[in-house]
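Shown next, in C-alpha cells, is the structure this report addresses.
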Amino acid sequence: MTQELLTDTINGLAAIVLLTSFFLVANTRMHQLVRTFTLQSLALGLFAFFVAYYTGAEHIYLVAVLTIIIKAIIIPRFLDYTIEKIQVKKEVEPLVGIPLSLLICTGLAFIGYYIAEPVIANGNIITKNCLAISVAVVLIGFYLMASRRKAMSEVVALLVIENGLFLAAISITYGMPLIVELGIFFDVFVTVLIMGVFVFKINRTFETLDTRFMRRLRD
Amino acid sequence: MMVSSMGVQSLGREMVGMYSQSLFQALIIILLIGAACAAILHKHAKLSRSVACSAVFISASAGAWLAIDVILNGPVQLGVSLATFFGDWTVSLDQIGGYFLLMVCMIMACVAVYSLGYLKEYDGKYDAGLMGGLLCLFFLSLVLVISSNNIIFFLISWELMSVLSFLLVMYEGRKEGVAPAGLLYLIMTHVGTAFITVSFLLMANYTGSYAFSDIAAGWASIPMDVRSVCFVFLLIGFGTKAGMVPVHIWLPAAHPAAPSNISALMSGVMVKMALIMMVRSFFLYLGPVQTWWGLAILLIGSISALVGVLNALKETDIKSTLAYSTVENMGIIFIGLGASLIFDSYGLTAFAALALIATLFHALNHAVFKALLFLGAGSVLHATHTRNMEAMGGLAKRMPYTSAAVLIGLLSMAAIPPLGGFVSEWLLFQSLLLSANIPDILIKIIIPVSIALLALTGALAATMAVRFFGTVFLARPRSERAEDAHESPRSMLIGMGFLAIMCFVLGLASFAILPYIDNVSASVLGVSITSQLVDGIFVSPISSDFSTMAPLLIAVLAIGILGLTWGMVRMYGGKQVVRETDTWDCGTPLGPRNEYTGTAFSSPLVRIFSPIYRSQTEIRTEFTASPYVKKRITYGLRFTDIFEKYFYRPLVRFITAVSKRLAVIQTGSIQAYLAYIFIMLLLLLVIFR
Amino acid sequence: MVQDVLLNSLFAALQAVTMFALSPLIIGIIRKVKAWFQSRKGSSIWQPYYDLAKLLRKDSTMSKDASWISRATPYIAIASVGVVALMVPFFTTYSLGFVGDLIVVVYLLALFRFFMVLAGMDAGSTFGGMGSSREMMVSSIVEPTMLLAIFTMALITGTTTLSSISYSLAVTGPDLVRPALFLALAAFFISLLAENARVPVDNPATHLELTMIHEGMLLEYSGKQLALMEWASWTKFLLFSAILANVFFPWGIATDLSALGMAVGVIAIIAKVLVIALAVALIESGTSKMRLFRLPNLLTESFTLALLAVMSFYIL
Amino acid sequence: MMIELILLLPLIAAAISYFVKQQHVAEAVSMLSGVLQFILALLIAVDVMQNGAIQYGLWYADELSVFMLVIITFLGSMAVAYSFSYIGHDREEHEISGLQLRRYYLLLQLFLFTMLVVVLTNNLGIMWIAIEGTTLTSAFLVGFYEKDTSLEAAWKYLIICSVGISMALFGVVLTYASSVDVAGFPSDSLNWTDLRSVAALLDPTFLRIAFIFILIGYGTKVGFVPMHTWLPDAHSQAPSPISAMLSGVLLNCALYGILRFYIIMQLSVPGFAPDLLLIFGVISLVMAAAFIILAKDFKRLLAYSSIEHMGIIALGFGIGGFLGIFAGLLHMLNHALTKCLMFFGAGNILQKYNTRSIAEVRGLAYIMPITAALFLLGALAITGSPPFSIFLSEVMVLQAGLGAGSYLVVAIYLFAILVIFAAFMYHVSKMLFGKPTEGVVRGEIHHVSLIPMAILLVSILVIGLFLPQQLMDFITKVAALFPGGSR
C-alpha cells in the first residue's frame, strides 16, 4: 500500500466515524442506534489497524483488536440484550427535532475544526487532521447525550464520546502507553456494565427509562 | 515625703511588674479551669454555678489589680509569644487597655455576684454548666481582645467574643423570638468582622507586619487613600459592634434576648471593646488623623444618639428600652470621639485630650449604669417573669432595694448631677463648646448641630428614664404578676448595690478619677492635661476661666439645703402627719386600666416625632348585636424601623430574589445538567483555545 | 483666694434667700396684674405668702399607692432649686457659679423635674400620669432650647459660668451684642413660659383636669408637701427671670462690692423682674392656652431659634 | 514497598469484610485497615519529608501526594468509625440487610483503594482510570438505599461524572500529544514526573486546549459550577459517612488531578491555569451562595457548601503566590475535616428526625445537645469563624488577594462568604433552636458516633488556634512544588 493511499484510507475511516456520528443523531430507533454505533466502532477499529500499519507500532494492533472485540461485538450485544430484556419502547424520543439536531451537529463539527485549527496549523503528524474530527465526534456525542431522554441512549452517547477520544488518542499520539490503553478499555467496559446494572435498577424502580421522570431531586 | 512616696511607688512597680505576668496567667488559668469545672459539674447546678461565678470573681479581682497597675505605671508585656504563620502572637497591656480591662473586671465581678442568685431561675430548665462555662470563656475572650498585639490573634479573640456572646444570647434558645435575635446579631457582627479583617489585612500588607505595635510605627508606608479606606472599613466593622446607626439593628434585638446578667455584660462591656479598638486604630495605627474622619464619626454619633433615644422611648419591653439606650449612649460616646479626632487633626491636642477623656469617662459611666440597669431589669424580670413594662407597676413598694438601685442608674443615665453620667456629659458639652476655635466652615455647621442633638438627646433620655421608672416601679400593679412581685435574693442586691455606689463615686469623686483617665488619654495623645483639668475638688475644661464645676460641693450643698428645709418645715409647721387615703379617683374606683402606661406616657412625643417613628395606629371597634353598643375597642400601635424597612429588608429581598433567579439552573433534568457542561466546555474552548 | 470664696458664698446665700423670699411676691404681682386686666379686683399680692404659711402648718394626706418618691420629692425640689439659686446671679455677680455652671443649672432643674414627674406618676392617678407625660413632652424640647440659648451667650462671652457671663457682658457693655443674642433671647423667653407652666403652654390657674400639665402632677399633694412644691416652682420662675435678666441684659448688676453698685444692682434686678412679670401677665391675659398638639410647633420654633442662634455665632 | 502495602490493605479488607459473613468482623477489619492505612500514610509522609519523593514503577509520592494521602486515610478511618454507628443503626432498624451491610464495607474499602491509587500513581493515564474508578465504586454507595431518589442521584452521578471524566481523558490525550514531539522524551511515557521535567518544551497550543478539557473534566468531579449539578443529589442521597467521604476526600482527589496539570501548565503557559481557576472559583462561590440561601434540605445545604469551598480553594490557587497556594492547600485539609464533621452531625440528625428537611428539624439543641453543639461549632467553622481552621485559610486567601491587588475578586469573595455565613446560620439556627419538633424523643442517637466528631472538632480547633509548626512546614514544602509557591 502506498503512503498516500494509506493516509487517504486513514482519513477516510476517520470521516466514516464522523459520518456515523451524524447517523446516530438521525437515528430514531433504539436498535438502529446500537447498529450504527457498532458500525462506528468497527470503523474506529479499522482506523486503529491502519494507523498501526502506518506507524509500525505493535501495541496499536492490540488496541485495534480490542476495539473491535469490545466495542463492536461485546458491548452492542450487551446493549441489545438489555433493550430486549427490559423491553424499552423502541423509539429514541429526542428532545430536539432531528433536522435541527443535524444542523446543530454540523455547527459542532465546525467548532471542532475551529478549536483544533491552531494545533493543526503548527503540527507535523499527518493524522493531526483527525484531531478536528475527533473533537467533532466528542462534541456530537456530548450533544447526543444532552438531547436524548432515554437512559439507554445516554449510555450509547457516552460510548460515542469514548470513540471520539480513541480516535484522537490513536491519531495524534499514535496510541497511549499500553497499560493506559488497557486500563481505559477495562474502565469503559466496567462503566457500561455498571450503567447496565443501574438501568435495570431504574427500570425496576421507576418502571420506565425515561429520564424525564427522574426529576425528584431539585432545588 | 515626696521622695519616700516615689520610692515606695518604684518598689511597688518592680514587684507588680514581676507579678503582672503571673497575674495575667493566673487570670487565664482560673477562667479555663472555671469553665472546665463548670462544664464537668453541670449535673450539679448549684455547685457548677458557684464554681463558675467564683472563678469569674477571682479572675476579675486579679484583672483589676493588673489593670490598675498598668494605668498607674505604664504598659507591660504579658506572657510569652507564640510563633505562628502570621507573625508572633503576643499579649501586652497598654494603658488604654488597662483602663478598659479595669472596666471589664469591675462589671464582671458585680455580674458574677449577681449571677449567683439570678441563675437559680434556670435550674432544671437550662444547663447550668453551659452558662458557667460560656461565662468564663466570654470573660477570657474580652481580656484577650484587650490585650492581643497581633492582628490575627486579635481577630480570633474578637470573633470568639462574638460567638460566645451569641451562644450566651441563645442560652434560652427554646424561647420564642430568641433565635432570630441571636441570628441577626451573629450575622451582623460577622459582617462587621469581615470589614475589620480586610482593613487590618490591608494595613498588614503595607507595613509588612501583623503586630499592632509595628503597624503603629509603620503607618507611613500605607498610602493615604488606603488609610482612608481602612478608616471607613474599621468604622463600619467596629461600629457594628458598638451599635452605631445604621448598623445598630441587631443590638436592640440581641441584648434583651440574652439572660439579664449577660445583657449587662453585652451592653455594659462588650460594646466598649469596639470603642477601645477605634481609639487605638484611629489615633495610633492609621497615622495622622484626617478631619473628615472626626466629622463622620461626630455626625454618625449625633444621629445614633437621637435614633437610639427615640426608639428607647417607644419600647414597652424594659430590656429593649435599655438596649436602645445603649445605642444612644454609644452615640454620645461617638460624639466625643469624633470631636477628639477633629481637634487632633487640627493639632489642638489639649482639646483633643479633653474630648477623649470625656469619651473614656462616659464609656466607664455607661458601663456602670447600663450594667446596673440591666441587672435591675433582670431583678424585675426575676420577680415578675415578664419584660413588658405595661404589666408592671407598683414595684417600688415590693422591691425597695432594686427600685432604689435602678433609680440611681437612671439618674446617672439621665445625666442628673452629681452622678457620674452627668460629669462625663458635662465634659463632653464643654469640649464641644471649645470647638469655636476651629477655622473650618463645615465644622462650624456640624458642631452646633451636634451640640443641639446632644442637648435634645439628653432631654429625651431624661424622659425615657422617667418613663421607665414611673411605669415599672410606681403607681399600682397592672397585673397579678406585678402584684405578687418580691424582692430579689441578697447576692443580686449586692451586685447591683456595688454598681449603684459606683454611680455616685464616679460622679462625686470625679476630680480624683479624672487624672488617671488623663493618664490613659496621655498614652494615646501624648499630652497630659491633668493640671488644667482638675484643681482640688473642682473640675474644669482646660481653662478654668471657661468653666468650673465641683460635683462633690453640689452634693454637699444639696444635702445641706435639704436638711435645712426639713428642719425649718419641722420647726415652723410641726411634726409631719401624713394620712394615707385612696388616690383621687373622681368617684369611680381606680383599676389597673385607668393608669397611665408606658405607651400612653410617651404618646405625645411619639406624635411629635411621628415622621421618624413611622408609627401606625389602628383602632378597631367591635360591636355587639346592636350597633349602638360597643363590645370592645382595640387600639394597636405599630412602629416601622426605617432602617429595617428601607435598607435591610430590601437588601435581603434583593439577594433572595437574585438567588431564586440563579437557582433555577438546578432543574433536576439530567439533560439540562449535561447541557451546562457542554456549553461551558464550548465557551471555554472558543474563548481560550 | 479664701476670702474670695467666702465672699462669693456669702452673697450667693444672700441672693438665694432673697429669691426664695421674693418669689411668692412676684407670683402675687402677676396674679394681681392679670386680675386687673380681667377687670377683677383680685387677691392681695401677699396672698401667696398667706397660702404658704397656712399650708406649711397643715397635715398632709397621701395616696396609699404612693411610694417614698412622693414623700421625698418636695424636699428634693427645694434642694435642687436651692442649689441653683446659689449659682445664679441675682443682684450681684458674686455667686457660687464656680461650683456649677449653666449646664449644671439646667441639669439641676432637670433633677427637680425628674422627681416632680415621678411624683405625678407615683399615686397611679390618671391625671398625674397625664400631667407627667405632657410635662416631659414639653421639657424634652424646651430643655435643649434653653441650653442652646444660654450656650449662645456662653460662646459670646467665652465662659459657661452664669455669673461670669453677666459679669463680662455687664463690664464690656453693648459691644458684645450680636444678632445671635436676640435669637437666643426669643428662644429663652419661650422656654421660660413653657418651663414654668405659663400660658400659652399651660394655664396655672386651671384645675380642669384634661388641660392641665403642672397642676396635674401636684394633684395628690396637700399640706406641707404642697407648700414646698409650690414654693419651689415659684422660685424656679424667679430663677428663670433672673437668668433671663442677668444673662441677656445684665447691665446694672453689681459687679463690685461698692454699696452704690449693690444698690443699683438691687433696683435694676427688681425692675427687670417686674418687667418680665408684667410681660408674662400681659401674654397670659392676651392669649389663650394652646391646644396640646399645637404646642410642638411653638416649641420647635423656639428650638430652631436657639439652634440658629448658636449657628450664627459660629458662622458670623 | 510501603506504597504497595497501603494499596493492598483496602483490597484485603474489602475481601474479608465481604466474605466473612459477620457484621462485627466486617466492622473490625474495616477499622483496622483504616487505622493501618493512616499509620502507613504517616510513615510514608515522614519518609517523603526526610528523603524526598519516592518514585518507582507506576508509583510516585511527593509531598503533594503524601498530603492527600494523609487526608484520605485520616478521613477514611473517621468515616469507618462513624459507619459503625450509622450503618449499624440502619441494620438495627432493618433498613438494610446483612448482605447490604457487608457490601457497604466492601465498596467503602474499594472506594478508598481507588482514591489511594489516584494520589499515588505517577502515570496520568492511571490516575484518570482511578478517578473514573472512584465514580464507579461510589455510584453504588450513592445508590446504596435503592430508593427512587437515591437511584436517581446515583444515575445522575454516574452519567454526569462519566461524561465529565471523558473530557478529562481527552485532556490527558492532548497533554500526551503535546509531549510527543519533544526531543528525547520517552515516547510511551505518560508519567507526570517526565512531563514536568520537559514542561517548558511542551506545545502550548495543545496544552491550552488540554487544560480546558482537564478542567471541565475533573472540574465536574470537583463540583465547580456549572458542572456541579450531580453533587447535591449524590451528597444528599448517599449514607452520611459516604457523603462525608465524597465531600471531604473525593472532591479533593479530583482537585488533585487538576493540580498536577496546574503545575505543568504553570511551567509551560504561566497564568493560563490560574485565570481559569479564578473564573470557576468566582462562579462557584456566587452560585453556591444562591443555593445555600434557598436550601431546604440540610444535606444539600452541606453539599452546596462543599461547592463553595471548592470555589475558595480554586481562588487560592487562582490568585497564586506562596500565600495563595498555601491557603489553597490548607483549605483543602480544613474543608475536608470540617465537612466530615458536619456530615456526621447531619447523619445523626437525619437518623433522629428521619427527615432531611430543614423545616422539620427544630429544637435540636434540646433533643441532642452534644450533637447539636458539635453541629453548631462545625457550622461556625465551615462558614469561617475563628478559632477554627477554615478561618485561617480564608484569611490567607483574602490576604493573598489583597496582596495581589485583585480587589474585584476579593470583593466578590467576601460578599459571597458573608452571604453564605448569613444563610447558613439562618438554617442552622432554625434547626438548633426554637420549640423542639413534636414526637422526637430527647437523647443522643448513638454515643459512639460522637467520638470521631469530637476528634475532628479538636483537630480543626488545634489547626485553627496553633497551626502546628510541623504541619506548617509540611504544607510549605507542598506549596514549594508549585511554580511560584515557594516562600
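Here the chain labels run A, B, C and D in written order, and each chain numbers its own residues starting at 1.
By definition in this document, a residue touches a chain if its C-beta (ideal position, glycine included) is under 8 Å from a C-beta of that chain, and two chains touch if they have at least 3 such contacts.
In this text the structure is predicted, and so the values were computed from the model without any measurement.
When every chain is reduced to the mean of its CA atoms, the largest separation from chain D belongs to C.
Ranking A-B and B-D by contacting C-beta pairs places B-D first.
Rounded to a whole number, the gap between the C-alpha centres of chain A and chain B is 70 angstrom. Chain centres here are Cα means. That of chain C falls 78 Å from that of chain D.
Here the CA centre of chain B is 44 Å from the CA centre of chain D.
Chain A and chain D, compared by their mean Cα positions, are separated by 31 Å.
Looking at chain B, residues 663, 666, 670, 672, 674, 677, 681, 685, 689 sit in touch with two or more other chains.
Among all residues of chain D, those that touch two or more other chains are 155-156, 159, 163, 167, 205, 209, 232, 291, 294.
Each of the following residues of chain A touches two or more other chains: 115, 118, 142, 145, 154, 211, 214, 216-217, 219. Contacting chain pairs (ordered by label): A-B, A-D, B-C, B-D. Interface of chain A with chain B (complex): residues 95, 111, 114-115, 118, 139, 142-143, 145-149, 154, 211-212, 214-219. Chain D makes touch with chain A in their complex at residues 58, 123, 125-126, 128-129, 132-133, 136, 139-140, 143, 146-149, 151-156, 158-159, 162-163, 166-167, 169-170, 173-174, 176-177, 180-181, 188-190, 203, 205-206, 209, 232-233, 236-237, 291, 294-296, 300. For chain B in complex with chain C, the residues that touch the partner chain are 393-394, 396-397, 400, 403, 411, 414-417, 422, 426, 429-430, 433, 436, 441, 444-445, 447-449, 451-452, 455-456, 458-460, 462-463, 465-467, 469-471, 473-476, 538, 545-550, 553-554, 557-559, 561-562, 565-566, 569, 572-574, 576-586, 590, 594-596, 600-605, 607-608.
Residues 56-69, 71, 75-76, 78-80, 82-83, 86, 96, 98-101, 103-104, 107-108, 110-111, 113-114, 117-118, 121-130, 132-134, 136-137, 139-144, 147-148, 151, 154-155, 158-161, 164, 209, 219-220, 224, 228, 292-293, 296, 300, 303, 306-307, 310-311, 313-315 of chain C are the ones touching chain B in the complex.
The residues of chain B lying in touch with chain A in their complex are 663, 666-672, 674-675, 677-678, 681-682, 685-686, 689.
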